[in-house]
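Below is one structure, written out as structure tokens, with a few remarks after it.
Note that the chains are named A, B, C, D, E, F, G and H in the order they appear, and that numbering of residues resets to 1 at the start of each chain.
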Amino acid sequence: MSPEEYVPDLPRAARIGFGEAVYCAGKSVAQIAAILDEASGRDASLLLTRLDETRFAALAERHRAGLDYDAVSRTAFAGPPRPLAGATRVAVVTAGTSDIPVAREAVRTLRFEGLAADEIADVGVAGLWRLLARVEELRSRAVVIVAAGMDAALPSVLGGLVPGLVIAVPTSVGYGVAEGGRAALAAALASCAPGVVVVNIDNGYGAACAAIRALGGRPVS
Amino acid sequence: MSPEEYVPDLPRAARIGFGEAVYCAGKSVAQIAAILDEASGRDASLLLTRLDETRFAALAERHRAGLDYDAVSRTAFAGPPRPLAGATRVAVVTAGTSDIPVAREAVRTLRFEGLAADEIADVGVAGLWRLLARVEELRSRAVVIVAAGMDAALPSVLGGLVPGLVIAVPTSVGYGVAEGGRAALAAALASCAPGVVVVNIDNGYGAACAAIRALGGRPVS
Amino acid sequence: MSPEEYVPDLPRAARIGFGEAVYCAGKSVAQIAAILDEASGRDASLLLTRLDETRFAALAERHRAGLDYDAVSRTAFAGPPRPLAGATRVAVVTAGTSDIPVAREAVRTLRFEGLAADEIADVGVAGLWRLLARVEELRSRAVVIVAAGMDAALPSVLGGLVPGLVIAVPTSVGYGVAEGGRAALAAALASCAPGVVVVNIDNGYGAACAAIRALGGRPVS
Amino acid sequence: MSPEEYVPDLPRAARIGFGEAVYCAGKSVAQIAAILDEASGRDASLLLTRLDETRFAALAERHRAGLDYDAVSRTAFAGPPRPLAGATRVAVVTAGTSDIPVAREAVRTLRFEGLAADEIADVGVAGLWRLLARVEELRSRAVVIVAAGMDAALPSVLGGLVPGLVIAVPTSVGYGVAEGGRAALAAALASCAPGVVVVNIDNGYGAACAAIRALGGRPVS
Amino acid sequence: MSPEEYVPDLPRAARIGFGEAVYCAGKSVAQIAAILDEASGRDASLLLTRLDETRFAALAERHRAGLDYDAVSRTAFAGPPRPLAGATRVAVVTAGTSDIPVAREAVRTLRFEGLAADEIADVGVAGLWRLLARVEELRSRAVVIVAAGMDAALPSVLGGLVPGLVIAVPTSVGYGVAEGGRAALAAALASCAPGVVVVNIDNGYGAACAAIRALGGRPVS
Amino acid sequence: MSPEEYVPDLPRAARIGFGEAVYCAGKSVAQIAAILDEASGRDASLLLTRLDETRFAALAERHRAGLDYDAVSRTAFAGPPRPLAGATRVAVVTAGTSDIPVAREAVRTLRFEGLAADEIADVGVAGLWRLLARVEELRSRAVVIVAAGMDAALPSVLGGLVPGLVIAVPTSVGYGVAEGGRAALAAALASCAPGVVVVNIDNGYGAACAAIRALGGRPVS
Amino acid sequence: MSPEEYVPDLPRAARIGFGEAVYCAGKSVAQIAAILDEASGRDASLLLTRLDETRFAALAERHRAGLDYDAVSRTAFAGPPRPLAGATRVAVVTAGTSDIPVAREAVRTLRFEGLAADEIADVGVAGLWRLLARVEELRSRAVVIVAAGMDAALPSVLGGLVPGLVIAVPTSVGYGVAEGGRAALAAALASCAPGVVVVNIDNGYGAACAAIRALGGRPVS
Amino acid sequence: MSPEEYVPDLPRAARIGFGEAVYCAGKSVAQIAAILDEASGRDASLLLTRLDETRFAALAERHRAGLDYDAVSRTAFAGPPRPLAGATRVAVVTAGTSDIPVAREAVRTLRFEGLAADEIADVGVAGLWRLLARVEELRSRAVVIVAAGMDAALPSVLGGLVPGLVIAVPTSVGYGVAEGGRAALAAALASCAPGVVVVNIDNGYGAACAAIRALGGRPVS
């Protein structure tokens, strides 16, 4: 792919309310550099997802300097994110520490779009008391994103405790039957709690976009 | 199971905002009758789902008389639904006519909880112009529930056109690779449109519950 | 199969500590009758599993009269079960009412072998408070059998709360991704709670046998 | 495998109308070199597919010099392709930029056999207006090859808009349920548009061969 | 679904070149009757597919009288098919006699659209000489549709022998690993013959539509 | 993840009877080092699992010096294990030599918790006489853990020979249908011996925890 | 299918050494009757497989009278089988009584072709001593066919004990992970005993044909 | 694993008629060296399988010198193979050149046991005439081993042409649905030719062992 083949999806913000995002998995360093240059020429802000540290490090210094990079979530902001606006209405919860990268991708996507979010880690159901200690806080959120792998029991438990929209993000953490996140995905879809919704495995970005849709769009700056 | 084993989930409305619902698949006519009697004694309204015509017809006349039954969606209201309140904020869309029973289950669940919804049938992507004729209307809804089987391309197309929350309900319509809804489920989860969320195959009830969560709970009557 | 082909597994009790059991699924009424006659001639007690009501009703009156039949679990005792002995050391828990037939098969198997068990129904995680109300009781049991379908979150939650052996029995309850119990099976195997063990889908009989093994064998009468 | 084990499939062109093609995945550099020498001795043209850059770079200079190599599609022509003949009757369309390598393999195969083809990139259904802008052009083509991964909604949409043969090539782009292309494959096979046909995942070569079959064979030079 | 919900897809013929077709699986007798009445009022011809004998027999005499019904393929013509035009350019081949219903659906669909087709039964590869006796005939066809279940070896063998477009229709014939047609589908997609294309399992209708697309549309009457 | 995000699961021992364990797969060397420092500050003993040799070697000398590391099982003790107490009540058996790493993880976990266990290698059913030579010894154990890949026939054979609790650990050894351990898992769950229980593929740690639960908790030191 | 479409596979015996066989699953009573009439006109013997009792009973009296029918295996001989010749060289073994129908299909196929076979029932590995009592006898057979469902451990155990060809026939007996025979199939293919071969699930006919191939063809009468 | 844990399977030859074989996948160089030393001390011959070139090259010179290594099949003989005896009764056939490593493993195993075999490469069904040219030769063999990946149509075609035992070895060659050999495995098991038997994917060793079993054991030297 020559760089000029990149066609920015300009009217997306107008239509469905999101900023520009670039999914970097499978893209070469040269392709990413070209995309950054193109956006820079337009003064556009970009969210880069799935940008691992190796490829980030391989970018030229001038490109790296322009990025707000977060290694845990493998995301970068090119150009300023939208200003934060309004109260915190979203919480992002993880069952285990291994789920944090996926949760952080959701938090960073929300931040890019101008929304603050709480991140509450390691409240999986095998340690129920840690979860129960946070329930009141979670009950006050309009949207609760839950990143959980393995048996993904957490979305079901939360779905029975909080009134807000529960968005489950199955994660690919684990081995054996949990490998690749299929067990977590099936468990989340089969949740016995009414009204839990699900996105693709490891799709923290998608969960954040869904939260924004549910909240009526990103804040007007 | 003796009838007295049925334990109504009374505090659910207080906690997460839904009325009582009874999933009738796998329950005998005697069990359903006992549940109806129990609820009647409490003056409680119930939503019955997956109540097929055969079992409905096998209920005693006095039970049938107390039900508002809809054969297409296999749902019944026992006792009055909540009064309708507020403007219509949800649309329920189907790709093909075979998806209507699932869509109708969502519409009926919303109605039971006091929410009106549009039902827009047969706007699958193989007939794109029928869909495009309704886009402006759909863009005005806070939530769009999409029931689609086979290739489930409709949630992706809608996800790129409307700003509201798009909830995909894969349906078990079809044969070959589509049998049981697995192809539709995978396609919905893999949607290239950002922020599409998914519930279990044929789970119109769950999609409606998710819509209510996204709207901040059912209307206060 | 001619009836004489049935070869009772006589030395099993001596070797691994269980009474005789006959799995009736796929056996004709004539075959079951022949097995009953053969056992009767030996004065042996039999546990019959998966004996549905249709085939039970089709047995001759003299056969039915000799059976202690339970329709919910589809089990029958032919001949006296072993006398109850010792304190109750096993609890059998279900997530939903639909899981009761599988749980009851475990309870009945334990009873046939001379062990009492508590049956605690409908304490699924979507209604967490009902479960928490029983935790102290469950913590006192050496073995907790958990029958759960759909997302099978209950074994994980219990595995984090009780010190005894937690035996998960996934059930085939549900539809879509939950159909046939595969989602529940995967979730139970992927449990984030340490030391949860699993048997085949719907295998209440096997769970009870495992409990007896864990307790050091059935009581000596 | 010693090089002499390669047996060129000489009569294939006479029988079913394609030039010689060598699938290089899994072949060593030495094996590829031997094949090139053998073909060179016969003055035959070869199409090499799945020749990644690493192995291309490892070929001897004299071999590389004789190849028209394209890194995006991982294809090479050894010897001249057939002369272009006739009007452009095939379009090759991609849903996203990640699908371009597969699409390019189809374009290169067509070119090797003497057929020109349009390549239209990044017209996936999440950006419907980009697709609609090209529909009239696509309606004039006898064959439209569609490379699409993830939810593969594009073949269905196109199948409802154009009268020519629509050949879907699912691609292995994506993660989670989309990993390896299975979701895209199932969606393409379950397409609700009548008469969409499908080839194996990532099989751009096969799609081009099918196009040539549908057009009545490669042009006579 | 009330009958008036049926919205005929009138512009389809103009757009992509097929007559109206109604997929009857899952539709009730009343729904089919309403569709027939509606089409009759428009003087439109319909192709009905997946109309099994039981539901056909349950239609009113006046409806049955207006149908040209074929029990093997479970298809019916309501109203006259298009007149036959042109030479026979399509052959429909089956591997075994069990594949005939699927093949016949393709033949009937072609006939409805005005195309004649040969039907060549039971030339599976386990009896290779029967196939070889027909190869010259098959080599003269522009399109060869191959209905094959089990191991679906026939499309591969034919793909190496004939120059026309080979459309494989996997069938759900068989048991064990062949059950439901998944083995046949995988084998057809993995065909070692270049340019074989595939449609969904048992989709004889889709194969015929693809043939019409490949032939440049149905004949102009 | 910053190191301070590690929240030790302190009350676990009190609740369900296990020491602290850290699953190292997917954790960086820096994260493991931080966890070790934190535990060292608390004078706590840790069991580290899935710590491969590469990451062990990359730890600082001071960290390595404090670890009792076993390369075969990829486990380490940080701090002293519980003192051994009581007679040997558990045997850990492997079908083949490739299953030894998983079996050793179980043995090491038991040792960390203060329980001795026999390890009996390479008694798979294809060499039945080697197994039969050990049966009497195995019959005397309260728990027999069986690590077996491929066809996993060993748990079934043992389940018919010994009265203790048989815990099957399917291993991911093998290729083709055995790849990843799915065949072994299915075989273990479908065991024809009554009361065999199963944990996730390669989960030697979980099997040991289940053994401890079955034995009534780890020994009181 | 009209009856005349049945084309007997006459030269098969000459080519690969089997008599004519008709797979009756999916064939109507009328089709089977026509086949019987056609074969009768040629004085040919037929083996009918998968002919269930319902369809057998629905045949005309004159057809039933000409058949040697066995209800357990669902097979019938139309016309005399080949005369028995030579010593018994094949044993057919079942793991459980539920596997007998599949084993009997193999025995009957062998008998039709003129070979005697022992049938040894219910020697599954959970009752190892019953198997060991028959090992010497089994070691003397050139071919041992093993019908086994569930965990299919028996082929592995026998493969380690006998020198002859072990042909595993997985059976569809069982529930949960064993449902449909997939677990048994995987276990048989993954057998740790060298040289065990496998046929499709429930394919007793195929196992018998393979035995005849291995023995150098059916006996010359 | 310490080297002394290797327990040679000495009585195997006496029992089931094969020499000692060591599966090297997953074994370290040190483990393989220890096994070679142990066998050398016993003057035993070993067949090593799945010994890739990297680990072969890493063995000490003295070990390499004692091995007859073949890189294509990744096999080695340590010590002399059995002397060749008798006429050639086995043919090993491959569908494509990529299947040769698996076929060669079978040929080498046979050679180790004292049996000669023909190796016939690249006669896949897409080039049917190459296969037909060899049929008479293949009809004279008692056993025909067929290594085939992708659609694995070759075993079915051969099963209809030759009277000997046809042993299919699916290979893991290919991509998309063919990846890992699952499509080939399913096709081979579903073969429409009677009496084709199957071994695990890529299991050339097992196919050779089955051939030896079918031939009545390895030749007596």
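The working rule: a contact is a pair of C-beta atoms (placed from the backbone, for glycine too) under 8 Å apart; a residue touches a chain by one contact, two chains touch by 3 or more.
The shown structure was predicted, so the numbers you read here are calculated from the model rather than taken from an experiment.
Asker: What is the minimum number of touch steps required to go from chain B to chain E?
Answerer: 1
Asker: What's the minimum number of touch steps needed to get from chain B to chain H?
Answerer: 2
Asker: Using each chain's Cα centroid, which is most distant from the centroid of chain D?
Answerer: Checked the centroid distances; the maximum from chain D is C.
Asker: Of the pairs G-H, E-G or C-F, which has an interface that repeats that of B-E (more than half of the contact pairs shared)?
Answerer: Most of the contact pairs in B-E are shared with E-G.
Asker: Distance-wise, how many Å sit between the C-alpha centres of chain D and chain E, to the nearest whole number?
Answerer: The computed centroid separation for chain D versus chain E comes out at 28 Å.
Asker: In whole angstrom, how far does the Cα centroid of chain C sit from the Cα centroid of chain E?
Answerer: 49
Asker: Measuring from the mean C-alpha position of chain A to the mean C-alpha position of chain C, what distance in angstrom results?
Answerer: So the centre of chain A lies 43 Å away from the centre of chain C.
Asker: So which bits of chain H are touching at least two other chains?
Answerer: Chain H, residues with two or more chain partners: 127, 159-161, 176-178, 185, 189-191, 193-194, 200.
Asker: Chain pairs that touch, all of them, please.
Answerer: Touching chain pairs, listed by label, are A-B, A-C, A-D, A-F, B-C, B-D, B-E, C-F, C-G, D-E, D-H, E-G, E-H, F-G, F-H, G-H.
Asker: Contact residues on chain H for chain G in the complex?
Answerer: It comes out as residues 15-18, 21, 142-143, 159-167, 185, 189-191, 193-200, 205-206, 208-214, 216-217.
Asker: Within the complex, which stretch of chain A touches chain D?
Answerer: So the residues of chain A touching chain D come out as 1, 5-7, 9, 11-12, 25-27, 170, 172, 180-181, 185, 200-203.
Asker: With touch defined as at the start, can you tell me which chain H residues reach chain D in the complex?
Answerer: It comes out as residues 72, 97-98, 100, 121-122, 127, 129-130, 173, 175-179.
Asker: Which residues, counting only chain A, touch chain C once they are in their complex?
Answerer: Within the complex, chain A contacts chain C at residues 95-96, 124-128, 150-153, 156-157, 159-161, 174, 176-178, 182-194.
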